[in-house]
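So, here come the structures, one by one.
Here chain A shows up in two complexes: once beside chain B, once beside chain C.
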Partner chain A sequence: MANIDEKLQKIARDLLESKEVSLIIGYTGGSHPQRMRPVFITKPEDVGRLSFNRHSVQDLAVFLKKQEVKKFGRIGIVVKGCDEKALNVLMQEYQVSRENIKIIGVECNGVIRQDLADKGETDLSENTVYDKCLMCGEHTPILHDYLIECADPQISMSGDIKPFAKIEELDSMSSEEKDVFWEKEFDKCIKCYACRQACPLCYCSRCIVEKNVPQWIDTNFGKIGNAQWNLIRAYHLAGRCIGCGECERACPVNIPLMLINGKMARSIHDLFGYKSGLDVDAKPVFGVFSESDFNDFIK
Partner chain B sequence: MSRIGVFVCWCGSNIAGTVDVEKVRDEASKIPGVVSAVDYKYMCSDPGQNSLRNVIKEKNLTGVVLAACSPHMHENTFRKAAIKEGLNPYFVEIANIREQVSWVHDDKERATSKAVDLMTMMVEKVKRDRSIDDVKVPLHKKTLVIGGGISGIQAALDIANGGVEVLLVEKEPSIGGRMIQLDETFPTLDCSSCIMTPKMVEVNQHPNIKLYTYSEVTDVSGYIGNFKIKIKKKARSVVEKDCTGCGNCWNVCPMHKNVKSEFNVNLSERTAIYVPFPQAVPLIPALDRAVCLHFKKGGKCVKCYEACGPKCIDFNLQDEIVEETVGAIVAATGYDLIENSLYGEYGYGKYKDVVSGLQFERLLSASGPTEGLVKRPSDGATPKTIVFIQCVGSRDPEKGVPYCSKVCCMYTAKHAKLFAHKVHGSQSYVFYIDIRATSKGYEEFVRGTMEQDGAIYLRGRVSRIYEDEGKLIIKGADTLSGNQVEIAADMVVLATGVIPKKGSDKVAQMLGISYDKYGFYTESHPKLRPTESSTAGIFLAGMAQGPRDIPESVVSGSAAASKILGLFSKDEYEVEGTIASVNEATCVACFYCRRVCAYNAISGKDIKDRSGKLIKVVANVNPGLCVGCGACVNACFSKTIDVKGFMDDQIYAEIRSLSV
Partner chain C sequence: MEEKYFEISAEDLKKFVDSMIKDNFEIIAPMDRDGDTFYGKIGKFDDANLDILLPKMSYKEYLLPKTETLFEYSFSGVDIDIKDGIESVEGKNRKRVIFGGRPCDAAAGPIMEKVFNWGYKDDFFNERFKNLTIVSIACEKPDDYCFCAEMQLSPESSHGSDLLLKKTGDKYSAVVVNDKGLELIASYLNLFKEIAKDEFPPDKDWKKIFEIEKAKSFLDKNFKHNYFQDRFLSCIGCGICTYTCPTCHCFDIQDEGDMKKGKRIRNWDSCQFAIFTLHTSGHNPRNTQGDRYRQRLMHKFKIYSEKFDKYLCVGCGRCSRNCPQDINIKEVVKDLTELASA
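Now for the complex of A and B:
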């Protein structure tokens, strides 16, 4: 562990001292030993605060959309494999340019679910990590300027646990049953928009929910408005969401947003053979015009 | 406050027969903001339009809804009427209650209720209309014509004669295209080169035409009125301005074997330095570096250089790129023939005396390899019997193309006729599926071939051709008599179908125009805009659009020319103002809009503060390119881009008007 932190700190110090970047976004110890929190380092003498471990759950890419952060110009950022996919999408969508970003990648074999960690969980196992970690195909960040090896062993899978099993369960339900399920979930939504704020890919300066001429999304609590918000949010992330799970983690009322995101990702892959965040040079699946499109409505 | 007038048209009984127009009128008058609702027998008639104008004036209307026929029919009529009363034309909306209601429904009550809905939607829309100005694009009055076949030549001449400068780009060393390869032409049998060469010479001498032969267009950007183009002049190895066309060079070139003449469709050879045919325009040779000994053998051979009086051969000439700006483009890239090798059973390529239609043209032509005497390729003997096979590749979805190549019935009749004229006592047989001879004088022409020139027409397909004792044995079916036939012939001519010129898909992609699955350029509208491409400012002509004969190619060349002269008769081009517009305050420059725009209308724009510091980048719509299709609107997550006249709040209001 200490080894990782030292490496991190050295990279950060070099980057800041050489003025290659003016800000490093990373993790530091939080309110208790099983919590990490984001930290912003601008001075070489502060790099000692940087740390990384199996509790580094946040996707720090979310900060890149903030004006306060953008101001720094060239930025170094600590990312896990899953988080790095967000960088790729941001680059595909011209929100981040590769020249302005130093990617400090850390190999990761899973992070412990925060709800368990808060109760003292420190063991890394198939029962303690997020579902996304069980399905992770990018333990090593795809793009990186620096790479720090993993300190944790690979998780062994017993085969008893099926990540996102609920998606299949929902798939097998009738439309009416699904309606009932989601209506109950969306009913909890308090329109705090934490899901949006936590998402690295929700970077619009004016979200559609804030558009009021016309008001497409009903901002009151209510069946229609709640469904509109949650569905449009999901739809705007279809083919873009990289599955970091930050939205679901941020939701104060525990709406299982990853079920929607996961289902969308599967459909996008089935229909278009596309997975988001894997290739910075790929055309985003909803950003393609093709003369040979199989639909003939736009020719 | 909105002051809306609603005008419900009967269209005689066209609408009134199925829709209760009075009910629609009464419902209209109940909508808040509607200050006048009337119905009338024919709104498009002069009195109808006058009543529209009167109401606009008297009631001081801020918007007009016509519940009438499709906007395609009369939107313009009504807009013009509104303009006369000082109303911005985009405050005129049409609820289509004819094509979308009365013509497609029977139940009067339900049709009426749908008509009321459509009318109500338009009232809600017109309330939210903003005044829109049409966009004016300045025109660079110069034209690029790509392809120097008959269609391109015709377009170039007509445009140039109209006083507009033309750049004619032809990739071969000479203009003339396929037509100059032909012998005599149906239906009047005038000799192709006799009618073609004067036009070619005229092109060359025309003060308004700049000819680029042995050249290709390599890059096109921009939009109507302002296309930036790059022309690559391939290294000809001959200094054009000094060459006199004397021919000394090609007469001494030792490479006169092994290189097949493209012009004679492989029936003869040409030299490495060559003009494709004696009447070439310009009469300046090109040196084919791929076969020239100088280039292949490290500079040894300099025979042509030595023979050249003005010493204009320069082995070191390089490709040259010329940049130009033009306001309009004609794509006239013509055609090729389908690969005959697809039809192994006909023995093309295996038996020398099985030739294509175009090769037969060369065998008939006085400038061809046999100087116009019909001789068969294998031994030079005069054939007595020729079998012609039509529809080789055409109308054959399996192996060839499903469409009809249109010219083969006619040129086969011509071939059989000319063969009869040139070789007395000869006999031709024509295998056909149908005879398509539909233009003026065509049917008579084919009849003449059958009746006066004695060609025997057999309806059916040929199954096999093989050689036996110096003869070609043709086995086929005569489906009219039901007999199998076997003919021993001296030659076989395949009426090979036509396909778009190789590389025309690349040209289309470069120009940003659409093409069909075969590669033929598609028209903006097949009937009503047959000469316009899908992109404003780019016009089409000739076989590049689809099979057609010379008269049709000429017509299309002239049509493109007249469109361009019309366009250039003004100094600016007006584009409908209903194009995309970006809310720069909310744009986050994700450029999904740019990705989905099929018209390349979107680019990035830097927003800077007063000191010149970049604040942000936003999407920017080029009014010359945007057609208002709205694809971008769907792609934009933040609802930042909208098409004027179809703004978000308008669409939303239309939908809301239905649910209440």
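Now for the complex of A and C:
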């Protein structure tokens, strides 16, 4: 572990000393040994705070949408494979320019679920990581200027655990049953919009929920308002969500948002053969027109 | 009234709660859900989880609901019919009890009561507060996020509770703080055994790691300190701190409806949202997340205490536990006290 930290710190020091970047966004130790937190380093003498381990759950790409961060100009950022996919979408959508960003990729074989880590979990296994880690196809970040090898062994899979199995269960339900399921889940929503804030790809300067002339989305916490909010967010992320799971991790009332995002990602793949975040040169799936589109309305 | 002291066995406590439910009380208690614990309405004593330190959210929503209707209107084309929302405030005919909450949550009610009666008396808040009886259980083991002792309370404080229970072995010692508490147990007195004051277990000496007054003295003089901008670069403005907080009480008033019918509602809101202070002109006096987190600190540890002689924080630590970016308010306040001495 120390080896990883030393390498991270050396890269960061070089980048800051050579003034190639003016800010490094990375991880440092958090409230307890099983928690990590984001850290913002601007001076070479502070790089000793940088660290990375199996508790580095946050997707730091979220900070690139903050005005306060953007003003630093050239930024170095520590990313896992999943987080890096968010950078790819941000670049595809012209939110981040490749020249302004130094990608410090860290190979990752999974991060421990924070709810378990908070109870003291330190073992990396198929029972302790997020579902996204079990399905991960990008243990090594796709794009990177620097790469740090993984300190953790690959997780062995027994075959007993099927990630996102609930999606298939929901697929087999009738519309009425699905309605009952989601109504119960959305009923918990407290409209804090933390899902949006935690999302690296929810970067609108004014979210549709904040537009009130006219009021598109009901502001109340009732059945309609809650469903409107959660569904519109799902649609706005269809074909874009890279599955980092930050929305679900942030949700203070435990709505299984990754079931929605995961379902959307599967549908986009089935319909368009497109997976978000894998190719920085690809056109966003909803940003292209194809003459061979199977829908008639577009011709 | 003078405080009264009782003892009740764990078995009788269960009987007490189950009897209240049978007698049509609505009992709100910590309940397990989705791998976490939240306050909710229990159907029987065994539904409650009394071992958990703190539910994920506070029970603020029973004083200030996430959404509430202030009034409704309907227009027939000739007549306008207006219905005052206060008529449908729940808890009027049915007594509601918060059972098994912690002293920090209980302390939040009287703190919020101040602002809801500051000049204008908020009938909605007051009606709910009046009809709520609080039976708290003292904490045996606060965790590292807790700082109630620093906030002039303690894990055993009875402040804000009507009845406080302390677990001692397989029984509970109870202090009845006021008439509301006495009224609640009046029909079930056979389950309680009165004891003398000196038989009630004394409060332990809870250690403090900082003096909150020092944090205030820093805030008094350092509105423009760089600390706020630097420290809260990691804040993503999700507002979870304010939504899970037992004392944060900001709300937003909205109209929903059309010409025929509609309602005026108030919803929870948060000072951590950029739009909270955005002016129509486009100017935002709290333009950065550093400005916004500073506001939360200022409101809790300076402004509120100057206006109402109480800090707007009970030290429950929820904002730290639930922060997706691990911003720890106990560390932050400690930083402020250290900066004050620097």
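As a convention for this text, the second predicted complex is superposed on the first by the 295 of 299 C-alpha atoms of A that agree within 3 Å, B and C clash if a C-alpha of one lies under 4 Å from a C-alpha of the other, contacts with A are read in each partner's own complex, and residues count from 1 in each chain.
As a convention for this text, a residue touches a chain if its C-beta (ideal position, glycine included) is under 8 Å from a C-beta of that chain, and two chains touch if they have at least 3 such contacts.
As the structure is a computational prediction, the values presented were derived from the model and not from experiment.
S.K.: Of the partners chain B and chain C, which touch A:E246 in the superposed model: first, second, both, neither?
M.R.: A:E246 sits against chain C, while chain B stays out of touch.
S.K.: In this superposition, which partner touches a larger number of chain A residues, chain B or chain C?
M.R.: Comparing touch counts on chain A for chain B and chain C gives C.
S.K.: Contact-wise, after the overlay, does A:K283 reach chain B, chain C, both or neither (first, second, both, neither)?
M.R.: Only chain B is touched by A:K283; chain C is not.
S.K.: Where does A:C204 make contact in the superposed view: on chain B (first), on chain C (second), on both, or on neither?
M.R.: A:C204 contacts chain B only, not chain C.
S.K.: Based on the A-chain superposition described above, do chain B and chain C contact any of the same residues on chain A, and if so which?
M.R.: 206
S.K.: For the complex, which residues does chain A have touching chain C?
M.R.: The contact residues of chain A facing chain C are 30-32, 35-40, 58, 62-63, 66-69, 115, 118, 190-194, 197-198, 206, 210, 215, 218-222, 225, 246, 249-250, 252-254.
S.K.: For a test of understanding, state which residues of chain B touch chain A in their complex under the given definition.
M.R.: Contacts found on chain B: 514, 585-586, 588-592, 595-598, 617, 629, 631, 635, 637-640, 648-649, 652-653.
S.K.: Where on chain C is chain A touching in the complex?
M.R.: Spelled out, the residues of chain C in touch with chain A are 33-36, 38, 56-57, 66-67, 144-145, 229-230, 233-234, 236-240, 242-244, 252, 254, 256, 265, 267-268, 270, 273, 275, 287-290, 320-322, 324-328, 331.
S.K.: In the complex, go through chain A and note every residue touching chain B.
M.R.: 93-95, 203-208, 211, 213-214, 216, 236, 283-284, 286-289, 291, 298-299
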